[in-house]
Amino acid sequence: MNTNNIFLPIIIPLIGALCALVSFKKLRFLLESSAFVIAAVNLILAVILFKENISLNIPWVLGLEFSLRLYHFSAFILLSVAGFGFLVTLYSLRFLRGKEYANQFYGYLFLTLSLANGAVLANNLILMLFFWEGLLLTLFGMIAIGNKNAFQTATKAFIIVGISDLALMLGIALTAYLAGTARISNIHLPLDTLGSIAFILMAIGAISKAGSMPFHSWIPDAALDAPLPFMALLPASLEKLLGIYLLARITLDMFILTTHSAMSTLLMAIGAITIILAVMMALIQKDYKRLLSYHAISQVGYMILGIGTAVPVGIVGGLFHMVNNALYKSCLFLTGGAVEKQAGTTSLEKLGGLGRNMPVTFICYLITAAAISGVPPFNGFFSKELIYDGALERGKIFYLAAIVGSFLTAASFLKLGHAAFLGKRSEENKNIREVPLSMLIPMIVIAATCVIFGVFNALPIKYLIQPVLGEGLLEGHNFSGFPTNMFLVAVTVIVLIAAFLNHLFGVKKSGSGLHASDHIRNAPVLVKIYDLALKRFFDPYEWGLKFSRLLADISWAVDRSIDWIYDKFSVNLTYSLSRQISALQSGNYSLYVVWSLVGAMLVFVLFFIK
Amino acid sequence: MNIQVLADLWPFMVCVITLFVIGFYCLIVTLNLIRALIGIEILIKAITLLIIVVGYVSGHSALTQSLVITMIVIEAVIITIAVGLVVGIYRKTGSLDSRNIRNLKG
Amino acid sequence: MMHTLVLFPFFALIILNLPLRVIFRRLSFWVVFALSLIQIFLVFFPQNAFWGTHFNFLNTFFRFNLSADGLSMVMLLSIGIVTLTALLVARQMITDSDRMALFCSLLLIAMAGMNGAVLVRDIFSLYVFLEITAVASYIMIAFDKNIFSFEGAFKYLVLSAVATAMMITAIALVILFSGSTEFYLINYAIRASAHTSLIVLSLGLFLCGFFIKAGLIPFHSWLPDAYSSAPAPVSIFLAGIVTKTTGVYTLIRIFISIFGFNGQSQRILLLAGIISVVIGAIAAITQKDFKRMLAYSSISQVGYIILGLGCASSLGIAGAILHIFNHSVFKSLLFVNSAAVETQTGKTNMDEISGLGEKMPVTAVTSTLGALSCAGIPPLAGFWSKLLIILALWVGGLHVYAVVAILSSVLTLAYLLSIQRKLFFIKGNSEENSQIKEAGFGISLASTLLAFISLATGVFFPFIINSFIVPFGKIFGRF
Amino acid sequence: MNLHLVILIALIFAALWTVMTRSLIRSAIGLALTSAILTIVMFALNAPLAAVFELSVCAGLISVLFVSTISLTHPLSRQEILQHMKDRLTRFWYLPILVAVCAIILSALDIKFSLKLPAHETENDVRVVLWNLRQFDILGQIIVLLSGVFGVVILFREKNKK
């Protein structure tokens, strides 16, 4: 195969983006069909390229090299990106019909795909950074085309992701300096002092892309403000893929992360905290999309936890979880989109009993919710078991956090399902129909994939994930098939049953599915924490805002005084000087002659002063 | 040229400088525009004298004479123009007082 | 060949004012127009065979000691451009054909005077031609014959007479120690003789005289009065070229052709330059009158030129010469704009005018370009010459001067942009402005041309530096 | 030499009188007188042609110009003249002292020039110098005269129209 084909995944979506951006509003059909075709071509291309192994190095500007590398890991991510891109496009065809910003959205979508492909393929840190920053811009653009709050949210996202990208930039600079090269495949650094700093900086870039705490706070806001396909595409799937891909690359290839190193523990801690905090916030949400967005954060915790364990079983679990999460989370967002499209709202207070109106959506929801909660035999179960296994190997506390997260996840999805699809149906929701086929297909496909990846979990694990680690790291293990550690399975099942019982208890206590989690929210200690959290007390962005407001006040005071010097003092001084000089110009020519003579004397004095 | 001539140069120089002082004093102190022009004329007299003396001393009296002739013509023209301006000012303001031409200032 | 530049205006002057004036009166505009174009052409093609062969017979009648180096060429070019501009503006503003003919004659006299002053190699002839220029300027300033123009002209005359007195005294001293009035002979005498006090005395007198003519602080006081009282085309002519030729060119000439630099004279130049730069800019800030502000700005810009000269390096002198050219372009441009505003609104007080941008787009755009060039904003022409000057200062170890020059540049930007904003870009009184139109064709053409030159000089500077500046460096390499 | 000194002192006194006299007419006459004395100095200093020019142009033409200008302007009233005299006295009172001090100090300095002047060529006739060597100045003179004509035309024409 021609080496230059490696450019196609970058160029084809770029063409799509250009087509979409220049297309007229009147030519809706053309826009939609071209979007569909481009997305499909991209997917086919990814499939064709899947088995390839291409490496390309071209000298580029300023002594950098334009180097791309396609191998099994990047091909796997490329395929996933293309797949989700295709499904989201398909879904958007109907969802965006009649929306003002449709062509902008498609433009940004394809631009995102192009840049994501570029970032995945890049084998040069600088080049990767180039694509990575491009993604920041499309992120901003995609959020900003949403509703009227969107611009503010977009700014928030831009700042948060921008700061973490800055960290990434520094990390890349340090890494390239330490390694003496910017070619990723040539970098293998030990985690000494400087190496650790570089690792942390790059990990910040990676996990903030994935949406982990404490870089998460824009996601729930974006869930409300941005167009829904955006949520299904970026925070739910694409960003996770890219973030975790980068994290895996830096932990597996670029840095030598040993099992009991501090870095590993740090990553696991971040993962565990993210799991717990995000899922607790998810539990009390009263909005379909917002609840899902907190889960999007929470699930990242599992992946980081898994990869952070630095033991083969954990890493495989983390990567598998990444694929699984992308699947069920995007499907969940798509069901949310379907509900929004038909019911006109995503507020759980107004929903209820939609299961009869939208049976297919409901079934898809059921499958994916079961998958995310870790119910066997769906895919989530298997990946979580692997992560538990790895976590237990490193410490009971991490396992405990993971299992508590699992309990709360299950509880919150029971609540969500109950509130949205079961329960009492209000009058205005009577006439809601199922969504059109083009929106159903993606959901069905993804839900089916969830089942397949669960039942035949050997398929993804053996062919997609284990090659990433390579034989050296696997040491002959094979993690596919049913979990071997029956103790863990038993605990999981017990937890799930407990979650179900808890839900029943909650329903009985509060009388509705929506308020099934209220007893947790109102538990003695938690109530205060929740109150604070709802006031955004734990949002680092808010802290940042407060801090910068304080800074702004201080610098305002400083600025005023400097400003006074500039604005009043120096200006007044200049003006008064100017008036003095003008006053000297009295209009009397005799005076002018005198000045000239005085000037002449000065000249002679200057001549005779040595 | 000889030493005697050079020795005699200084009285002429003193005269030239004194004429300069008179001319400038007149130009600066007077409030009458015509008298200011007379001050300028005295300056020119001083310069004429200087050039002639220089020519006499250095032995280039042909050169300096021709220079003086040119200069006299030019100064005559300039004084004519100046008188024209003064007459113009007199027509506008009705007097020759230089205090009337202090409109442009600042 | 160069003598034609003096003789043609002279012959034209005589022919146009023969008893057949009634016939030639109408032609005078076109004659001056053609002469200034010929001058511009001649600068670019000095070796053109046409001039060499067809006008050589004049040499048999006249024995003139003329020559042109790079500096003279730049001055000739500036003279051509500014004369053309003043002529175009005058055609717009002077409606009476009789007066126009007189104005054209005066322009011819001034042109002949300046060309002569630029080309001569004799200190006394230099004085003669400076006086010709000055006499023509007095008459032109008083052209409108109102009390203000008389006042401005009289002040210019008095101060100019003082300058002349100083200059001729210096010439007499030069004859005393060198016995000649030709540049190169004086230069030899200075190198050979040891009469330092006489040399210093004559150099000091020359300096003071030319400082008055150039309008450097504290010799400047006639300049704002004369500029602001003169009719608009005359302001353009005065600010654009007359003071530059009579004051600045002559200063550069006596330094590079006669006296050479030494520590004291360099210090005087630098001090005079920096004081003019700063005080001129500060004084410009509170001016209410458009033309008066430009006059102070002119003082400030001349200060830059003198600073460049004071570096005594070929880089500094190249910067100074380039700045003379640029200044003559952008300052004429700004004065053309002021003429446009004056003709259309009848006012020159900036407090009474505002919001002309919509009504006079050409003026607004070109004056903004001129102001930016004056303030030294890249890529306009003024930036490069100021850059050269400041670079020369820095290289010469005069860091304080360089920093002050840059700071004053900021000041320049401040006052120029504030008047741009005031006159053109803020909302004006729509009732008052409703009758205002763009100025006529002549003024618009002139301003567009000048803005174009300013822009082109800036943009194609890399080309210009190779074809003009580097040769300058060779000419002045010995200093 | 003593004669020279006498003439020079006379020149200074003539200039002083020119400046200090109260009437403008006398002032103009004084200027003519100064010019005449200067002419004598120039004759004495071996510059006859220039002296003739000085006498004809400065003592003649310019004095006539001044006198006619003064007669053009409005004569002052008696009181104004008295007031004017007082003013002038207060302002010009210092000039003789200044001149005297200046002259005495400078005479006392008595600087001796010890110039080594370049050897000059054989002395040409003035006319030869003027017409052959300084043609450009002649051209300049003609242009200056022409501009003077224009100046007169422009500045004085208003009177003709009236």
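Residue numbering begins at 1 within each chain, and the chains themselves are lettered A, B, C and D in the order written.
Simple rule for what comes next: a contact is a pair of C-beta atoms (placed from the backbone, for glycine too) under 8 Å apart; a residue touches a chain by one contact, two chains touch by 3 or more.
Keep in mind that this is a model prediction, so the values were computed, not measured.
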item: Those chains which touch chain D and also touch chain A; value: B, C
item: Comparison of A-C and B-D (more C-beta pairs in contact); value: B-D
item: Inter-chain centre distance, chain B versus chain D - centres from mean C-alpha coordinates, in Å; value: 6
item: Computed distance of Cα centres, chain C from chain A, in Å; value: 65
item: Interchain centroid distance [CA atoms averaged], chain C/chain D, Å; value: 32
item: Centre-of-Cα separation between chain B and chain A, whole angstrom; value: 89
item: Residues within chain D bordering two or more other chains; value: 115, 117, 120, 134, 137, 140-141, 144, 147-148, 151, 155, 158
item: Junction residues of chain C - those touching two or more other chains; value: 124, 128, 131, 135, 138-139, 142, 145, 154-155, 158, 162, 176, 179-180, 224-225, 287
item: Interface hub residues of chain A, defined as touching at least two other chains; value: 582, 585, 587, 589, 593, 597
item: Contact pairs between chains, per stated definition; value: A-B, A-C, B-C, B-D, C-D
item: Residues of chain D that touch chain C when the two form their complex; value: 115-118, 120, 132, 134-137, 139-144, 146-148, 150-151, 153-155, 158
item: Footprint of chain B on chain D - complex, ascending; value: 1, 4-5, 8, 11-12, 15-16, 18-19, 24, 27-28, 31, 34-35, 38, 41-42, 45-47, 49-50, 53-54, 57-58, 61-62, 65-66, 69-70, 72-74, 87, 91-92, 95, 98-99, 102-103, 106-107, 109-115, 117, 120, 123-126, 128-130, 133-134, 137-138, 140-141, 144-145, 147-148, 151-152, 155-156, 158
item: Parts of chain B lying in touch with chain C, wherever the complex brings them together; value: 20, 23, 27, 33, 36, 40, 43-44, 46-47, 50-51, 54-55, 57-60, 63-64, 67, 70-71, 74, 77-78, 81-82, 84-86, 88-89, 92-93, 101, 103-106
item: Parts of chain B lying in touch with chain A, wherever the complex brings them together; value: 24, 27-29, 98-99, 101-106
item: Residues of chain C touching chain B in the complex; value: 124, 128, 131, 134-135, 138-139, 142, 145-148, 150-155, 157-158, 161-162, 165, 168-169, 171-173, 175-176, 179-181, 224-225, 228-229, 287-288, 292
